[in-house]
Structures are given as C-alpha cells and as structure tokens.
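Below: the structure, in structure tokens.
The first chain written gets the first letter, and so on, giving A, B, C and D; residue counts start at 1 in each chain.
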Amino acid sequence: MAGNSFGTAFRFTTWGESHGPSIGCVVDGVPPLVPLGEPDIQHWMDRRRPGQSRFTTQRREPDEVKIVSGVFEGVTTGTPIGLIVENVDQRSKDYSEISEQFRPGHADFTYQAKYGIRDYRGGGRSSARETAMRVAAGGIARKVLHHILGKDISIRGALVQVGPHGIDRANWDWAETENNPFWCPDAQAAGQWEGYLDGVRKAGSSCGAVIEVVASGFPAGLGEPIYDKLDSDLARAMMSINAVKGVEIGAGFEAASLTGEENADEMRMAGNRVDFLSNKAGGILGGISTGQDIVVRFAVKPTSSILTPRRSVDRNNNEIEVRTKGRHDPCVGIRAVPVGEAMMALVLADHVLRQRALTGKV
Amino acid sequence: MAGNSFGTAFRFTTWGESHGPSIGCVVDGVPPLVPLGEPDIQHWMDRRRPGQSRFTTQRREPDEVKIVSGVFEGVTTGTPIGLIVENVDQRSKDYSEISEQFRPGHADFTYQAKYGIRDYRGGGRSSARETAMRVAAGGIARKVLHHILGKDISIRGALVQVGPHGIDRANWDWAETENNPFWCPDAQAAGQWEGYLDGVRKAGSSCGAVIEVVASGFPAGLGEPIYDKLDSDLARAMMSINAVKGVEIGAGFEAASLTGEENADEMRMAGNRVDFLSNKAGGILGGISTGQDIVVRFAVKPTSSILTPRRSVDRNNNEIEVRTKGRHDPCVGIRAVPVGEAMMALVLADHVLRQRALTGKV
Amino acid sequence: MAGNSFGTAFRFTTWGESHGPSIGCVVDGVPPLVPLGEPDIQHWMDRRRPGQSRFTTQRREPDEVKIVSGVFEGVTTGTPIGLIVENVDQRSKDYSEISEQFRPGHADFTYQAKYGIRDYRGGGRSSARETAMRVAAGGIARKVLHHILGKDISIRGALVQVGPHGIDRANWDWAETENNPFWCPDAQAAGQWEGYLDGVRKAGSSCGAVIEVVASGFPAGLGEPIYDKLDSDLARAMMSINAVKGVEIGAGFEAASLTGEENADEMRMAGNRVDFLSNKAGGILGGISTGQDIVVRFAVKPTSSILTPRRSVDRNNNEIEVRTKGRHDPCVGIRAVPVGEAMMALVLADHVLRQRALTGKV
Amino acid sequence: MAGNSFGTAFRFTTWGESHGPSIGCVVDGVPPLVPLGEPDIQHWMDRRRPGQSRFTTQRREPDEVKIVSGVFEGVTTGTPIGLIVENVDQRSKDYSEISEQFRPGHADFTYQAKYGIRDYRGGGRSSARETAMRVAAGGIARKVLHHILGKDISIRGALVQVGPHGIDRANWDWAETENNPFWCPDAQAAGQWEGYLDGVRKAGSSCGAVIEVVASGFPAGLGEPIYDKLDSDLARAMMSINAVKGVEIGAGFEAASLTGEENADEMRMAGNRVDFLSNKAGGILGGISTGQDIVVRFAVKPTSSILTPRRSVDRNNNEIEVRTKGRHDPCVGIRAVPVGEAMMALVLADHVLRQRALTGKV
C-alpha cells in the first residue's frame, strides 16, 4: 500500500535513503535451489556504480552488496533474501540552506507536501541511490530466469538518444554498448555524444536521454490480462525509475501514425514454430508475450540540478533563486540503462512465476 | 495475481467476455455515504457506448448498467458495489473459421499460447468490451473524488492525434470536444479528421491515435513512492487499455531533447500558494502530484482488423491469409478517450484513499 | 484492502446483501482447461441451502448458481469466473423498527459505528447469506484441486459438538454425516442432538456448535512461512465465517496441556514414504503441510436472534428491549459445515498454486 | 505471495535466519511525523529477549535494534523503516548430525519437503528467532497507535495457563505480570508454576501454554468485513507465531456450549456512550471492533526439543532416534507473550490506517 514493494510472485521491497547508513532490500518469492552468491549480484551493481566516467555523478560508492539471508551453502533456500549495501560517500556538507529550499524539477516540494517532512540530505528517499537495490534485486531475477529458462535468454539495454541526438539503427551492434561510457550500440553516435556531453557538462547544463531494453529468448504466454499485462507492468516498472517521463513498447508512439496494414505483424511458419515477419508489437499482444523480442523504451528527463540559477520558493513561501552546488551529473539517463535492464528482469521473473502458478509450466 | 483487479485502497475487479451473457465488476473500498445511483454511472457509459458515429464499431449495445449491491437508500454503504451490464448485440455468426485462425495484431495467438484455449467469439476476454466496466467503475471513482475533494476538480480527455494528424494546441478548447465525434479539442483539426477517417474507413484500413487526459484541481501529495508513484500507476493504467503502445507524462518523450534549464518548472508564489511557471512535469515530481494539472498522453495502435488480406498461421501450423469480415472500427483510439478518463479517475481515487490512510487527510 | 476478497493466486471476491436482487462472486486465478459446469458448483450449493430441515433457517432459496464468464465449451479459460445467484425469498416485511435498533450479538452496532450507515434488511452484508458464494467458489476450488492432484483427495466436514454435547470419536463414521440433518459422524450423538435441538428450538433459544474439517490426500509442502502459513490462512479463513469465535489445528488448545513427549508426532517409514505415528499436529508443521490429514476445528457461537427479550439501545441512544421475530435458526453452526469445507478447499487451492509458482510443481 | 509480509496499509516484511549474520525487517506504511527512536523499540525487544530466566532458552542475545532508514531528526518520514538486529550468539557447533535428521514436531521435514533444502542451523528460517522482528515492528505499531489514538490505549499480554495449570481469574492483576518470569497475572498461580516448570525442565521435558492478549481503549469500527475482519486478521496473526495451535476471541470455544441468552452481550447507555453488560464477543461483532476490550487467546504447543529419545527418520529414509542436545527451552509459550502483544499492535495499526482510508477518520 505504501509503495516500496514491486512484484507479486517475485516481490522485492527496498529501504534506505541517500545519506543514511545503508540501503537494502528484501527479495521474497525466490525459488529454492537457485545457485547464488554475492558476485552474481555484484557484477550488475558494478555496471551501475557511480563515478565511472566524467559523464555521471562523481559520488564514489564501492556499492559492495552483502547477502544476509536466504542463501545457504551456495543456493537459495526459498526464504527471503536480504541484501544490504553500506553508504560510504555521504559527503558531509552543510545542508542548512537546501533544507529550506525547493529545487525546481526535484521532489523537494512534493515530499514536503505529502509527508510534511523530508530527509533533505542528498534527496533522501527520492534519490536515484535507491535504484542500486533494483539492480541488486535484478541480479537475483536474472539468476532465477536462467535457472528456469536456461542460458539462451538475454536482457540488454542501450542508450538510443542523448539530448536531441539519436542513434542510427543501421549501426546497431550490441557489442559496442560495452565499448563506450554511454551503453551506446552505435559507435559513431557514441563518438559524437562525447563531444556533445562535454559541452553540456562544461556549461553546467544537463540533457535527457532515451533508453531501450530488449529481452530475447523468452517464451510466449507471459503476462496476466487485464490489469497485470506484461506491457502494463513494464510501463509501471520503467516509469517508477527516477526522472522517467515516458514509456513505449515496440513501435510505441509511432504506431499512432501507422495504418493497420503497416502495424500488425504478419505470421508465417519457420519450421514448426510461428515466425513473426516484423515486431511492431514489441513482443507483446493483448498484454501477453508473443515469443519475439520484448522491446521497451523510456525517456529520461534532463537532470534538474544545473549550475544556472533558477527561480523557486522555500518552505516559508519566500521567493528565492536556487543554484545547485557540488557534484553534478549532466545526463542521469546514462546510469538508467542498467536500472532499466534490472526492471525488465524483475518484471519477467514475476510473470514467469505467475504463469507457473496458473498453468503449472512456463 | 491473475490480473483482473486494479487498485489497492479503491479496487475494482472485472469479469466477462465479449459474447457472454453479461459483463460486470466489483468495486471494493468505496467509502460509505457517497450519493450514488445508476444515472451517475450511466452518464459516463453513454459517452463510451459503441455505434454512436460511423467512425466507431457498429455493435449496438444499450450498455445499461445495474447496481446490484453496495448502495442503500441512495448512498453507498462501504460494502462492495456490484455492477452488471447485459450483452445484447452478440451478433450470431459462424465462428468456425476464426476459431482456428490467429489474426495478426490480435491477442488470438498469445491467449492460445498462454492458456491453451480461448473464447474466440468476438475476442472473448481480450475484447475492448471489457473497458465498459472500467468506465462504469470510473463513474463511481468520480463520485468518490467529488465527495472528498469537492466540485472544483475535473478529469477530461481529448483526442490530440489521429493517424499522423495532430491538433494545433493553440486552438485547444475543451468545449469543442463535445462538438465532434472524436473528442477533438481543435475544431479545425476535427473537420480535417472527418475526411481523413472517411478515407481510412472506405479503404477498409485503420489508423492509430493519441489521447490526452488532464486532471485539474487535485491537491499536491498524491502518489506513493517508490513503486506506486502516481505516474507509475498512470502508466500501468493507460498501458492496460486495449491497443495502447505508449504512455507519457507532461513533456514525455520530448523531455529527452530538452536541457535542464528548459525542462525544470520554476516556482513562484501566487498569493499564499506555490505557482509553477510551466508544467513540463505534467503535474508529478518524484512520483507525487504537485497540485498542477496532471497530464498524461497515450498512443493507441491502429485497429488490427482490416479488410486487406494478411499473412498468418492457424492452430494447426498452416500458413493462411486472414481478412476481417463484418463490423469494422477504423480508429479504436476514439473510444479510448472515455476509457482513459475513467482510468485517470480510478488511479486518483485510489491514491486519495491511500494518502488518507498514511496521513489521515487529503 | 476493503476486505471482500480472499486468496492470492486463487482469489475470489464476493458482493451482495441479504435482501439485494442477487449475490455473486468473481473467482480469479482459476487455471485454464479445468472441466467445469454449473452442476459442479450446484452440488455443493445444495448442501448448504437453507430450509432443508427444521433445525435451520426457514428462508426458502433455490440458490441456483449461474456461471456468467470464464468458462467456454465446458472448460475454464483462465479468465475470471463470474458467478451469480438470484435472491428469491427476501420476505417483504416492515423494517422500520429494526432499522433503528441494535440487536445484541449482531453486527448492527458495529456496522453503524464503522460505516455510519447499514442495510438493515436481513442483516445486509453481514448476513450469512454471503457464505453461499464461498460455497460456490469452493466448488470451483475442488475442481481445480482434483484437476491438479487427482481423485484421491477429499475435503470433508462434520459437526462434532452441538451446545455442550460432543460426539464420541470412537463412533466416527464419515458415511453417517449424510444420514442426519447435522452432518454428524456419530449416529448415536445425532439421535440425541435431535431431541436437544427440538428443545432449544421450541424454547426460542439457540446453541453453538463445533465443526471439524479434514482434508485428506494432500501432499507435503503446502503453506508459505512466515505469515501465510497454511494454518494461519486456515485460521483466517474459518474465523471469517459468520459467528465463529475460535479455530484450532490438530490437538489445538489441548496441546497446551500435553508434554513434549505426548505432543510431537513420531515418524517411521511405511515402505518408501514417511509415516507419522500420530497427528497431534493436524497435518501442519512450521506452517507447511506434512502430507497427513489436515485437521481444523472451529467454534460457532449460538445464534444471536432469540425469542427472549434482550436489553439493548437504539441509534438515538434510547435504551430498549429487542426480541427477534420471524424466521429463527436455532443452531447456525449446522449450516457452517459446508462453508468450512469450502474455505478449506479455497485455502488449499490457493496454496497449491503458490507452491507451483515457487517450485514449479506440487 | 511468498509469505514473509504481514499487513496491508501498515505492512512489515521480515528476513533472516537463526544462524545468519543478522535478522531484520522493513516496515512500510508508517505515517510521517511520528516521534521514534531506537529506545522506543528496544524497550519491547528487551521484554522478549532470551536468557532472562531459567525457564526460557539460554541463548544470549543482546538483541540491539538499529534503525537504518525512515526516521529523520527524531520522527518518521513516511518512507520505509529498516530495522536490523545482529545475531551474536550463534553458538558454533557440529551440525552434521542434525543436517540429515528430521526432528519430530519440528519443521525440518516440511521445509525439506517444500523447498528441497533447508538451513538446518538452529532451525534456520523456522526458528522463533524471527519473532524478534515482530516485536520490533510491534514497537513501531504501538508508537503509531498512540500518535493517532492518544495515550489511553493499551495492549497487554499474560500467560493464563502453563501445561494443564490455569490461573484463577478472580486473582487477575495486570501489575503482577511484571513480577514473575511468566507474565502471569495471578501471583498464586505464578508460584505454583515455578515448581511445576522446574520439574518439567529437570525432566528434560516440556509443556504448552495459553496466552491472552487484551487491547483496551480502541474505538468501535475497526475491521474490514468480510475476509479481513478484525478477528480473522487476529487469528491469522496469532496462528503465524511459532508453535501456536489454536486461537480464540472472547468466549471462544466455550461459546459453543452457551445458549443465545448467555452469549449475546446486552447493551445499555453509560452516559452518552453505549455500554456492553458483558464481553463474550471479545470486543468484536461482525468482524468489527465494538469499542470494548479486544480479547484474544492462543495455545502454544510444548517445545518439541526434549531430552527423551524419539523415533524419527532421516533424509535418506533411515529410521532413527532423535534426542535434542544443548540448550533447552521447557516452555516456549512464555516468550510468546510479548510476541502476541506485538501481533495485536500490528493488526490494530493496520486496521486503524485502513479505517482512515475508507472513512477519512478513526
């Protein structure tokens, strides 16, 4: 009810603030006998870790994850898995100013309006630091998915637009996402973004981004119509990531401009399995997976913390100017890539277990 | 778990198929002592009713809603409200052909893959007929919202794009939405759409659409971070509507192309209340309402049932051609407008009650 | 949140009042391809139907159940099953007196306190009439359990105490439960109860009862520690039945008086399966089924509607005397037997599906 | 779905095993601005702490609770509260024997049957150590209840039976519960129990107990019919405590032996409020609180770990004899008293928030 849990059969609950002693989560519903150790999770944490390039926040966090329950002798036991990450780099600073101010584009004003109080240190609960635990839980979800569905599945994310600059899809190469600090699948675009983002950073400005996440190798039949459709749950999942303002599946908003002839994916047989001749649907029809690639995209707004002074108000209804000091993150969308992948894994793990409940098999 | 319910504190569950004897829903969590009668619901049902113009399906349904529980002497009692609508125009026809075929772009294939069976008559459970009950439940949500928040709130939807043709926002006039068969707020665009849609209809083709829903007058503080954020729940809600492929809040995908300076809404005082100087955020920051207009848009794909033959397969893995016969709906997006409004009302009613649980007030 | 649903993976939601036009429920999470028709449900409805002996309420209800969704060509489709039962014998009478009075032992006072309103006709939502839908949903649960677990399972209930008169367990014969109007497994006790209950009835008084429900043939492994243990869910289920004041598992309250030696069930091998030498645990250890008989008992208080005048108050804080008129049910516990069986079936169906989600098998 | 959470509006989720590094919980739905510090929780933890008398387990745990999120500057923020307790006294020992054995009366067999694996060290997840986190969460629930309802409420527990020896209710004095190691309200009984329990302990045997928990000062109107009735939730809550085999409300099982005249509590006015002349109902009618004392009792079975050898089997289907070594707890029921109090507080906090959601007030 209070919103800090996600999922039904595979369900995780996160806790912790940006500047508290630690953050953590509980993952409940993990099937037993799944091989799991801290390195399985740490691998994904490291992809999201801040401070890895000059294009993301300079907060220095080792983000070492500890498993504190639910694993015994190297495998899961079916009991809840507790994960904890210590907060290390809560840079001590004077918060007296910001404690009274509402920064434009931040959650300062709304947290105050909702709760009548907020932990203003580093954004408190509204900080993107919380997404570290999504990535950790997502690492468990991946292990569960492989345990049930085998090795031939993958969940991969890429940055497909930075500011107004999109990629050329003809250049798409998943391998390239590991070769640049943007998870960009188009090497040429990545080169151009570097210059663009340096400019944004030096100007003390910021820009938005679009992320695409693709899940391959998943069976048809996942998703629970009417209200827990696979696409509904993906939309909810991605929209819950900090700064996300839009989500689309397959052709997405472009589908509105297509004709019925252009949009509906035709089918043929490929040997003894159904083959779709296109994937405008993004792998989901009627809220249920088709067996094709599941494709979701989401838009991240530009970081609201910028060096230009902005008009705002404070808690005492004074009109003020706000200018962010300290660490600055020109494009928060970059680090949203591993978070989007994690949310995809978490949604799919949940629906695999739900399909198993309903039909006894996946 | 099985997906036919929506909401937490204000929760509804729908049942029924396109060609069953009736459809219905149960709405649980309705506060007591809210004045409610069938006309309060029927008003909204009539807006969605099929067969009201040549641009929507010709199925003829009176869609008369009956309240069968939860209301006594003209007010709600706090117990679950049962609603039933008889299906009247289940045109008898021969389903032997379609029973074996998978129509491209429909849920035929995925329902079969998921359940191993499907009610193929009129799409069964996957039919947009189910949305009638959302509109009915939405009528109750509206009454609850007015009961708690008073008269000065509104939830209104409009069609802002048909096929590739968008409106001119300079022409926006809410009153116009009642003057054309498209809920179009731009009279000029509405005129152009008429010709365009006649062409689509006569060609036996179809087109997509974009709908915008705006909730005005709602207080700041609604939404439950982290996973039940107001925007997450709206994304889930809109994506659960048949044929929706994308959802965005405020500036949405366009936000990715903006700079931080352009995107963050500045604040000033207007008398003793906070006034935002723009609404790129769509009325939601950190997943919590700001008190501004709450603005959501969603894209509906073109109807998959078209007169042009399309390549597909059947249940026995034969390659076939499918051509839709009978009633044809050139733009399902039109009738999605009242459904989108209803989902907005349902999400808001839920979050108003949840905020009341958490803080004792709204 | 508002309390009219039960279960998680196998979940039902009921609606309707004693004197409304109809009552019904939605059952969500029913696996597809389970053979199901109205007679499968009606069979169990008929066992609970009022007016079948002079020892239960004389309300005359045919209780004909209609399936309105979720079943197609004789099998379930995996979509929600809607069930409706018309209310026929809502005897018209003058409610003006009772509308203002709080009857001792009834929910009149508490419904008024909670909701500020109540449908006073026949108890409204608080009437045991609601249990008809539990029995209907329970009929579906039984079909699902047989579909998954086969024929060699059973769920049976019996009345083991009426007023102060218990059965002699040495006489227990399940076949006898069908031979007397009390579901009594001890023919001799049944004979004595007849005289006792005639006396109670003629005196215009009432008495309580204890019901025992036994589920046989279920596998070990059902139940989700820590908070959705099988016994926790059974306790919740049985306590939710009208007039129930106590629930116990296996040895129950008597276990408090036993020593550790007496209470813990020893184990031996019987061929290649584990055999327990006693069943003090009632088939549940650590909240998980052992594979033995699952045994639950619950106590029903005496009907509060009696002919003797009782002191009470009315809505206007006047002190009054209340004396029930009209139909009188000397022992509501009798008709609780099929309801208890249904709740057992519903809990087990839920846990079978949940175990399937977690481990992929039952 | 996987069972490690309790509550809806006020919801907590626990994690951790008996011999893991730590145990903890997340409490979600805590209203903001409630004063809360670690001592508020520690106070209740200390009441449950093991090793405080010779009659309970000799495990030595300081049980120091740490708040790691959700509290800022001495008050709650409305965000999830993380609590962690280090496990200190996980006595290192050789588990090779017990790892293969199923102890009679324990959850060894059922955890193995359900999950195919179990953490056998000290009972793993099935250990009563988990209840420490219930008491911690219960401490928060108490603060919330006082914040909303004021000071004049109380939740108190007492041991009313040890083995076959009950108290004399005429001697009931709440103050006495603090004067003996049994939370016994009857000083005379407490004296007798001391001798009795010394005998049980020296014999290496064990005995059961009955606990009564009473909540005073709570308003009428709490509880959500039909399936989340206040008594249903209390039954579920208490039955989820380790070793509990029975739960009853008010007159409980004794109600079955009463007549309608004896059982229904009459009402009169006491000034301008309704006064019940007895409390057979245990403060709950129709699943909703009446405003009287809420009275629940539950039975705890005797500890299964005893020194007498018992017949059992092992994982390889060998017939064996099992005899518990090491620390021995003659009556686990004693330490269930603070746990039962905590569960009462947790259920009431949940229902207070739910009533607030539904009606806007408590």
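Operating definition for what follows: contacts are C-beta pairs under 8 Å (C-beta built on N, C-alpha and C of every residue); 3 or more make two chains touch, one makes a residue touch a chain.
Only a predicted model underlies this, so the values are computations on that prediction, with no experimental measurement involved.
Colleague: Kindly list the shared contact partners of chain C and chain D, in label order.
Modeller: The common neighbours are A, B.
Colleague: Which neighbours do chain A and chain B have in common?
Modeller: C, D
Colleague: Between chain B and chain D, what is the gap in Å from one C-alpha centre to the other?
Modeller: Centres of chain B and chain D (C-alpha means) sit 46 Å apart.
Colleague: So how far apart, in whole Å, are chain A and chain D when each is placed at the average of its C-alpha atoms?
Modeller: Here the centre of chain D sits 39 Å away from the centre of chain A.
Colleague: Which chain B residues sit where two or more other chains touch them?
Modeller: 1-5, 8-9, 14, 29, 32, 78-79, 114-116, 125, 225, 354, 357-359
Colleague: How about chain B: which of its residues touch chain C in the complex?
Modeller: Of all residues in chain B, those touching chain C are 1-5, 8-9, 11, 13-17, 20-24, 26, 28-30, 32-33, 66, 68-70, 72-73, 75, 77-82, 84, 114-119, 124-125.
Colleague: So in the complex, which bits of chain B are touching chain D?
Modeller: Residues in contact with chain D: 1, 9, 29, 31-32, 78-79, 148, 225, 353-354, 356-362.
Colleague: Chain D touches which residues of chain C in the complex?
Modeller: It comes out as residues 1-6, 8-9, 14, 102, 104-107, 109-111, 113-116, 125-126, 130, 161, 163-164, 200, 205-210, 219-229, 231-240, 242, 244-269, 272, 274, 277, 280-282, 284-291, 299-306, 308, 310-313, 317, 319, 333, 354-355, 357-359.
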